[in-house]
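Shared between the two complexes below is subunit A, which has subunit B as its partner in the first and subunit C in the second.
Let's look at the complex of A and B:
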């Protein structure tokens, strides 16, 4: 058996063991009624009567996530490129970013509701989270170009703009894509917290309502739905990252 | 004068935001229930420092304790998996999955399991700090300088000596990255947990002030959390830079 297959099998075994433990702990009520067995949660998730509920929530969450992710991601990359071209702006942009990112989203959400409304808050929080991660990863990717190549562009008569377009950006692409992967779960957290503050629908609304009404299996199903969305996005961007690295290195 | 220039160079963005905010509130004349000004927030902080201080102390203590416990557990388990290939193969993918899960979404579930009190806040911070520590330390213990593992084997070093003299020092830079991620998240996680469960601390102060429409107090609480979070992020980044320079 090859080493890679062995690692894969062991990993699968670990995940299966975790799922089995979840099921047994739920069946045996080790942690009381708050811990339902996996089968009950899955049954609820695929229950036909609940499909419209989950589909509506998922649709709202994904559309906020997509909007926020695109705006925040494009903004983050653009801001990092700007800081790269206009060096005097860099320390200020970095400090402002770290500061805004450190404001707790629970504190930001009530302000955002005033400024962008209940419907726009989840997307805005997602955009802020994505912006920060993509700014940091783009900036560190752009800064990592080997000096010898920079000198080469200069000797051949290329200006800052040419260097950014022909050298720095392509060199930074693997780091940027890896930032895109990290930003996906973080953007989802933004959407969910935004939805907790009174968005009309979404997975976060489902979570908070189920929590307050003690609908334990529904709470777990909604959280599992959020986790599945996050993991599939993470996997998707992981595949993209491998593709980019294979193409460029 | 030089210090002033440096301060301005790195902080113009924050100053501009605060100035714009203050001017906007002043000129549009909105009620302080809707949107308080930065000055109003400062006044509220100065009016009742004892209240803010006790809430802050509690949240910071919970977050710090959770950070220490979570990072210690994660590091300990990572070292255990270093000894056993079987354990490493079994646990690493699970750890990576959990590290990429939106943990904040799990807070309602954890609150149901552990009950609505301070121990739950602590448990949440521990869990949130555990996963990065486990994943990054595990990766660092295996990313050894090329050839060094062979050298240790040739010299006949025992497994224990290989761990203490080679793998652990090699893992310090990665461990510092995990610490930075966990430190910034621990305060925010504690605050979100307190906010959702309504127990005590900064998150609760924020929630109760908000439901009393005392927005100046609510924003005061979140301003404190922001400052602490920025400070712990800066401190951990500095440690990360130091570890990267001295241990690689």
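Let's look at the complex of A and C:
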């Protein structure tokens, strides 16, 4: 058995053990009513009567996530590329970025409700989280071009723009995709926090409502839904990252 | 003088500021000139600043004193006009491009249409036919250097700068590459400045050898190489070659006790 397969199997075994423990703890009511067995949560998730509810919530969350992620991601990459081309802009952009990122999303959300409204807050928070991560990963990726390759492009008579396009960007791509992967769960956190502050629908709304009405299995189902979205995005970008690395290195 | 030299280095001194604030003189009052179509080698021990001379000619560094002119103009002119070819010790190939695309890179950087026929001709010239679609990591060290040399030649540069292009290769491959570079160069006759610490390489390839001393780099000797071109590898076994080789080795590392 190869080392990679062994690691994979051991990882899968760990997850299975955790899920089994979850089920046993739920069945045995070890933690009271607030810890339902996994089977009950899964049954609720696939319950036909609940499908429209989950579909609506998931649709709203994914739409905020997609919008915020795309805008924030494109903005982060563009800002980092701009800072890379126009060096004097770099310190200002970096500080503004760090400043905005230092404000906790939870503190920012009520402000955003007033500024962009209840509908727009989840996407805005997702965009802010994504922007920060993609700015940082793009900037560090662009700065990592080996000096010998920079010399080469200069000797060939290429300017900054040519260097960015022909050399720095392809060189930075694995780091950028790695940032995309990290940004996906982070953007989802932004969406769910935004939804808590009064969005009309979404997985975050489902979580809040279920909690306030003490619908424990529904609460767990909503959380599980969020986890599934986060993990699939992480896995998807992981595969993309492997593809990019194989292509570029 | 009715013809201006292709490369003119006049009274060049290069000092670097070190991290602790002190200054380090890498080159001290260096002068040399290359005629058009001449192959000159800078021969010196490691750390003698010979690569710095090359970087000055490539406009990658600026002199602290003195002037560097290429075709009578600032060296940066030449690279801006995409008429400079360079191969470094580090092959500096782009890992995501295959052999053909790496060789075609200078066309793309220059914003010119890729001359596929020229790229194909160079791939044949450096003996890489059949490897057009291979990526750098699939190639051996010698093959990567061939790609780097083909890339340096693709735009038919006026000046070719070679910085220890075979420095990382084993002795057998290196010799093989020297024989091939000699063959390729004889077809193109591009003004070439080569940096090396290998005496045999310098003798086999160049018209003239400039011997540098170390720390700070100074010209200690200039030697004309008499062998006619095209050169047969057999000249490396001739008595004259051995004699000159011994002579240059001694000039490189003066025996202990010498002033």
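As a convention for this text, the second predicted complex is superposed on the first by the 249 of 249 C-alpha atoms of A that agree within 3 Å, B and C clash if a C-alpha of one lies under 4 Å from a C-alpha of the other, contacts with A are read in each partner's own complex, and residues count from 1 in each chain.
Quick note on the criterion: a residue touches a chain if its C-beta (ideal position, glycine included) is under 8 Å from a C-beta of that chain, and two chains touch if they have at least 3 such contacts.
Given the structure is predicted, the values throughout are model-derived calculations rather than measurements.
Student: Have a look at where A:148 lands relative to subunit B and subunit C in the superposition and call it first, second, both or neither.
Tutor: A:148 sits against subunit C, while subunit B stays out of touch.
Student: Quick check on the superposed pair: does A:162 touch subunit B, subunit C, both, or neither? Answer first, second, both or neither.
Tutor: second
Student: Please name the chain, subunit B or subunit C, that touches the greater number of residues in subunit A.
Tutor: Higher number of touched subunit A residues: B.
Student: Does the superposition put A:242 against subunit B (first), subunit C (second), both, or neither?
Tutor: The answer is neither, since A:242 touches no partner chain.
Student: Is A:29 touching anything from subunit B or subunit C once the two structures are fitted on A? First, second, both or neither.
Tutor: Once the two structures are laid over each other on A, A:29 reaches no partner at all.
Student: Mind pulling up the subunit C residues that touch subunit A in the complex?
Tutor: For subunit C paired with subunit A, touching residues are 58-60, 79-82, 84, 86, 88, 90, 92, 94-96, 105-106, 108-111, 137, 161.
Student: Quick one: which bits of subunit B touch subunit A in the complex? Just the residue numbers, please.
Tutor: 9-14, 17, 34-35, 86, 89-94, 97, 100-106, 108-109, 111-113, 184, 187-188, 191-192, 195-196, 203, 206, 210, 215, 218-219, 221-222, 225-226, 229-230, 233-234
Student: In their complex, what parts of subunit A are in touch with subunit C?
Tutor: 146, 148-149, 151-158, 162, 166-167, 170, 247-249
Student: Going by the contact rule set out above, which residues of subunit A touch subunit B in the complex?
Tutor: 6-7, 10-15, 17-18, 31, 34-35, 88, 91-100, 102-108, 110-111, 114, 185-186, 188-189, 192-193, 196, 204, 207-208, 210-211, 216, 219-220, 223, 226-227, 230-231, 234
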